[in-house]
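Common to both upcoming complexes is chain A, partnered first by chain B, then by chain C.
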Partner chain A sequence: MTGWRGHGRNMLIVTPFFALFGLFGVWPVLRSAWLSFTDYHATDEPVFIGLRNYAELFADERFWTALANTAAYMGAVSAIAVVLGLVLALNFGSNSRLHQWVRVAFFLPAVAGGVGAISAWKWMASSEAYGLFNSLRATLGLEPARFLGDPQWTLPVLVLVGVWSVLGYNLVLFVAGLRAIPDELYQAARLDGASRWQQLLHITLPNLRPTLVYVSVAGMVARFQVFYEPYLLYGAVDTLGGPLDSALMLVTYLFDRGFRQLDLGLASAAAWVMTALLFGLAWLNLRLIGKEGRR
Partner chain B sequence: MKPAALLKAALWLLVPAMLVPYYWMAIAAFKPVAELLRRPPTLLPQAPTSRNFFNPDWAGTTADPDRLAGILQVQVEGHGFLRFYANSLLVTLVVTVVSLLAASLVAFVLTKKPFPGSRWLFRALLLSMMLPWEVTIVPNFVTVAQLGWINSYAALLVPGLAKAFVVFYFRQAMLGVPDELVSAATLDGAGTLRTWWSVVLPLLRPALAAIAIPVAVGEWNNFLWPLLVVNDAATLTLPLQLGKMAGDLSFNPQSAAVLMAGSLLASLPAIVLFLLFQRQFVAGLQAGATKG
Partner chain C sequence: MVGDDKTPQLMQPAVEAFRARHPGVAVEVRDVPWADAMTKYSAALASRRGPDLVTGSTSYAIALGTKGALVDLREAAPDLARELERHANPGALRAIRRADGRIYGAPFDMHVQLQYYRSDLVAAAPTDWNGFLATARALRARGHGVAQQWGNTSWLGFYPYLRQAGGAVYDPSCRRAVIDRPEAVRALTYYARLYRELQAPTDGWPDADGGLESGAYGLMQSGTWLLSRMDMVHKGLVGKWAAAPLPAGPTGKRTAVLGGTVLAITRFSPNQKLALDFMRTVYRPDVTRRMAEAALAYGGMWLPSGRQDQIAALDLPHRDALLAQLADAEGPPPCPAWMRQDYLVTRAVQRVVLAGADPQVELGRAAAVMNRALGVR
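Right after this comes the complex of A and B.
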């Protein structure tokens, strides 16, 4: 039995960690909740202004633009990456050396998908004729497009880069999920004369539900908080949102209002609105596709 | 062709497509500037050059494309690319090593040596994992500024040292550490720290290796936080410098060659390590999936 002296020593041992966690993990939560109700520009003390930051936020057209862009981006990337990831897992999920290497190729962006890789995408999407995208257009006899300057191209480019960066991750999670389905289920179905389609619909998908829920919820939550891809591809010197704010995401908006205009109260309010939206999103997902997994 | 065969062919085409950005980066890094701006682009460097990395004819500020600084010669306020590389390495190594050791110690104490209130501490950790990082970023910036840490290594290192999700991860791993071993060590007179270091850590080695990967990848690629707290060349990290150069790309296409050389150097360690330790990477990034 550990006596109080032992307890004291153990508490002391974890104190440095919890001091740091308190300073950078707990205190900021309380402080940002408070700051969201204040007028605070970093120089003077925060002044309580009630709900005015929230009112200003909801009255700001750019906030709604950011929300719409983020929702479109998140929806498109998540849907494509979930469906395609699952199709890939069904086709490249075996233990063979070949399939393992295929998965490595898809997984590479999860490991080396940082600023360097996004810079390569930016170079490929160059509006000039020497950009890879535009030279592909040229082979089809099309005029060069301004992929990074024309708002109608913003979402397709961002979705392409987004799917590219998360696909391998989804693939790997789905492969793990598929392997957890007991083989006897398939054997029994085959004995009953079930076609491959029927097996997919009645065995694979229902049993994969926990993985499907996890992949889509976690994926949507992560996409919702996208920042550096649009920032690097479209964040030119002055307008962080790209052409006509078509690449303005919620985090970009928070960054712009909070750290460039130093309206830290409003940025805090934006952070809490994002938190509420994220909780709503997770709840909705669980309601729609969760419904308790089979296990 | 049957639809199924067509689908299969399309899926196989995706495999090389995934690698195109890396290929394009790698060939651009070795193309002379003139060739890089040729239309249509060449698919292999016609006259491979190492000038984008180091240009022996570099002549200071100039518009002459043959005399541009290579990536290793680029200077920002007297600091070069290797400095930014070293900064990134330092931050990645220190944060990964310290945060893993700290989290494993905390997880050990909370699970095997609980004290009154330790459950509440664990619940606080779990709760903090549910909130998105946007909530903490504004106050943390203010805290770091008030501490006078802007442009210092402390700003890059300290806020990342206490990671709740790593504690959570180690708590699961701790289930594999038999209680008997811990009490045997205690009976032998070993204190908590000694038991953690010589009994628990060796048993946790696979878990440490697995979680080190997502933590290190995250730190190596970290962009937003350094962007907020660093604007001085001395503490600039690699992603920040590359991000600045990428920002110039739109109005200065000549810089693409040097940027691609820098991107290649930044991506290469991750690619090589990944190819060497594929299994560990995949398992590790799955383990890190619990991250908020």
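Right after this comes the complex of A and C.
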């Protein structure tokens, strides 16, 4: 029988990890849960106010704007990046030199992104006639568009930047998933006269399901927490949400309430609502895609 | 201190003067980027540790002060408060003085909006609203646009027009929003023309100075930081640009928004006495002047809002325009509710500018929401 005593040395070895995890992982989470029920501004001790932060949050129309923007952004980027990533993986997944270079090209944004890349996007999408996109429009005889100054362009611009930054990552994961599918399955299918489309539907996609689940769930979770792209592209010294709050995302909203207005109790409530939504989304995803895979 | 890696250079004269009086005291100046300041300060406040002195935007100082995070100078250092009353920029001081008279910090530096124009395209800067429209139309006819950079399509860009028209966001007691008054409607109607008629760009921060160099814009509005940087950054503009105060509105005022920072002592500082003495050192005329000169030496622009009397002695480009505008400049509304409500004014402005909504309706909506939150019946 193995008990705590039998694992004493092992437990001792993992104790530092659990101590640090508890201190920097679990404790802040529990603390923020408590703060979400308090009136707290960092300057004085938190005062318990029950569910008032949640009530204020749900009554704030900016919160709903941020939620709608975040959902639209997450849905669009996740769907496009998964479909395009898969299409690219199916077409550029071999070991040929050309395919390797294509994969490197698509993966570059994942390693070379960040503030510098967003600044470059800001320059390209600038509303001035000499912005890159507007220069291209001019060659087609089109009037300059206000890519960063017109709410109808906000989501397309953010989705473009979001897909660009994540596509290479999805591509690499899909290529790895495709290579894990035994070649014998395709050989057998070809012997049975299956077309390429039938092979895709009945061999590739079912076998790729674990990768699809991971890419979808992880991608949605990451997109749901989007912050610096809209913040850098649309934020200014006096406003965070861009034109008509069209770039206001949940994390931007949380940042505004927590660190600009010092409503840390309300910001904690917003964080917990986000957490609940993320759990719900992940659960739904696993139910929809994962359940199919277990059949 | 909010700033960049040059900030310690700016503070060096104050540090040296302070250490001459307190040889045993070590002073460490740390710069915090604007984007990180609020999170770092909040973390410091939550832990009851951190810097003895901080700088931050005017609105943020009011918000922090209201939450009890900063020392009230009127109470802690009446001598310094009186000194500031005499020498600080009146607009900067009004912006941080609360309705009850408390002052949670001292004006530290400031920037105001100015008109910048291509002197080879425009003979003289427009001096009033109508003149601005006429000049902008003439420029557009020749292929040059107009732009607003600092505060574009937000409350900050609209605020000068509001004040020039005689309007206000709140009444003097800060208890009622008055943004729906006819003066404000008139201001917003005019402001919207810059975009709807003159087609000014609506990006959050358009490349207006770059556009001035390329000729895309012949006239634009931005902050005073460009005065010392323009020739350095835009070589093609050397000798081809000038600056002027904003055009006057119907009241004859040329009010610009006064931005900048406030120097304040954190309530949890264990060294409040020393920190107060450091502040007294910063506001000594000789120290202030040396700080401003240190900034100019590295191509920066530090305009001491706490000792405005020293600015006239500085060798600044377009100094007359700058001094004229500083004399008619105001900070954001010094009301505790403002940081929670500024987005409502921005939204009204953007609905009018971007969606063509009616100024009266939008400002009425904003005022109604603001007053509901303020408890006005």
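Rule of thumb we're sticking to: the second predicted complex is superposed on the first by the 268 of 295 C-alpha atoms of A that agree within 3 Å, B and C clash if a C-alpha of one lies under 4 Å from a C-alpha of the other, contacts with A are read in each partner's own complex, and residues count from 1 in each chain.
Please note the rule applied: a contact is a pair of C-beta atoms (placed from the backbone, for glycine too) under 8 Å apart; a residue touches a chain by one contact, two chains touch by 3 or more.
Here the structure is a predicted model, which means the values were calculated and not measured.
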item: Partners on chain A (chain B, chain C) - clash or fit; value: clash
item: First, second, both or neither for A:41, with chain B first and chain C second; value: second
item: Touching partner for A:10 - first (chain B), second (chain C), both, neither; value: first
item: Chain B versus chain C as contact partner of A:126, first or second or both or neither; value: both
item: First, second, both or neither for A:168, with chain B first and chain C second; value: first
item: Most chain A residues touched (candidates chain B, chain C); value: B
item: First, second, both or neither for A:62, with chain B first and chain C second; value: second
item: First, second, both or neither for A:264, with chain B first and chain C second; value: both
item: First (chain B), second (chain C), both or neither touched by A:148; value: both
item: Partner chain(s) touched by A:239 [first = chain B, second = chain C, both, neither]; value: second
item: Set of chain A residues, in rising order, touched by both chain B and chain C; value: 42, 123, 126, 128-130, 148, 235-237, 258-259, 264
item: Chain A-touching residues of chain C, taken from the complex the two chains share; value: 34, 38-39, 42, 45-46, 57, 60, 63-64, 67-69, 150-156, 201-207, 210-211, 214, 216, 259, 267, 339-340, 342-343, 346-347, 350-351, 354-355
item: Touching residues (chain side chain A, partner chain C) in the complex; value: 41-44, 62, 123, 126-130, 146, 148-151, 234-239, 241-245, 258-262, 264
item: Contact set on chain B toward chain A in their complex; value: 7-8, 11, 14-16, 18-22, 24-25, 28, 36-41, 102-103, 105-106, 109-110, 113, 115-116, 121, 124-125, 128, 131-143, 145, 158-159, 161-162, 164, 191-193, 217, 220-221, 223-224, 228, 238-239, 242-243, 245-247, 249-250, 253, 256, 259-260, 262-264, 266-267, 270-271, 273-275, 278, 281-282, 285-286, 289
item: Touching residues (chain side chain A, partner chain B) in the complex; value: 2, 6-7, 9-11, 13-14, 16-18, 20-21, 23-29, 31-32, 35, 42, 87-88, 91-92, 100, 102-124, 126, 128-132, 135, 138-139, 148, 164, 167-169, 172-173, 176, 214, 218, 221, 225, 227-228, 231-232, 235-237, 251, 254-255, 258-259, 264, 267-268, 270-272, 274-275, 278
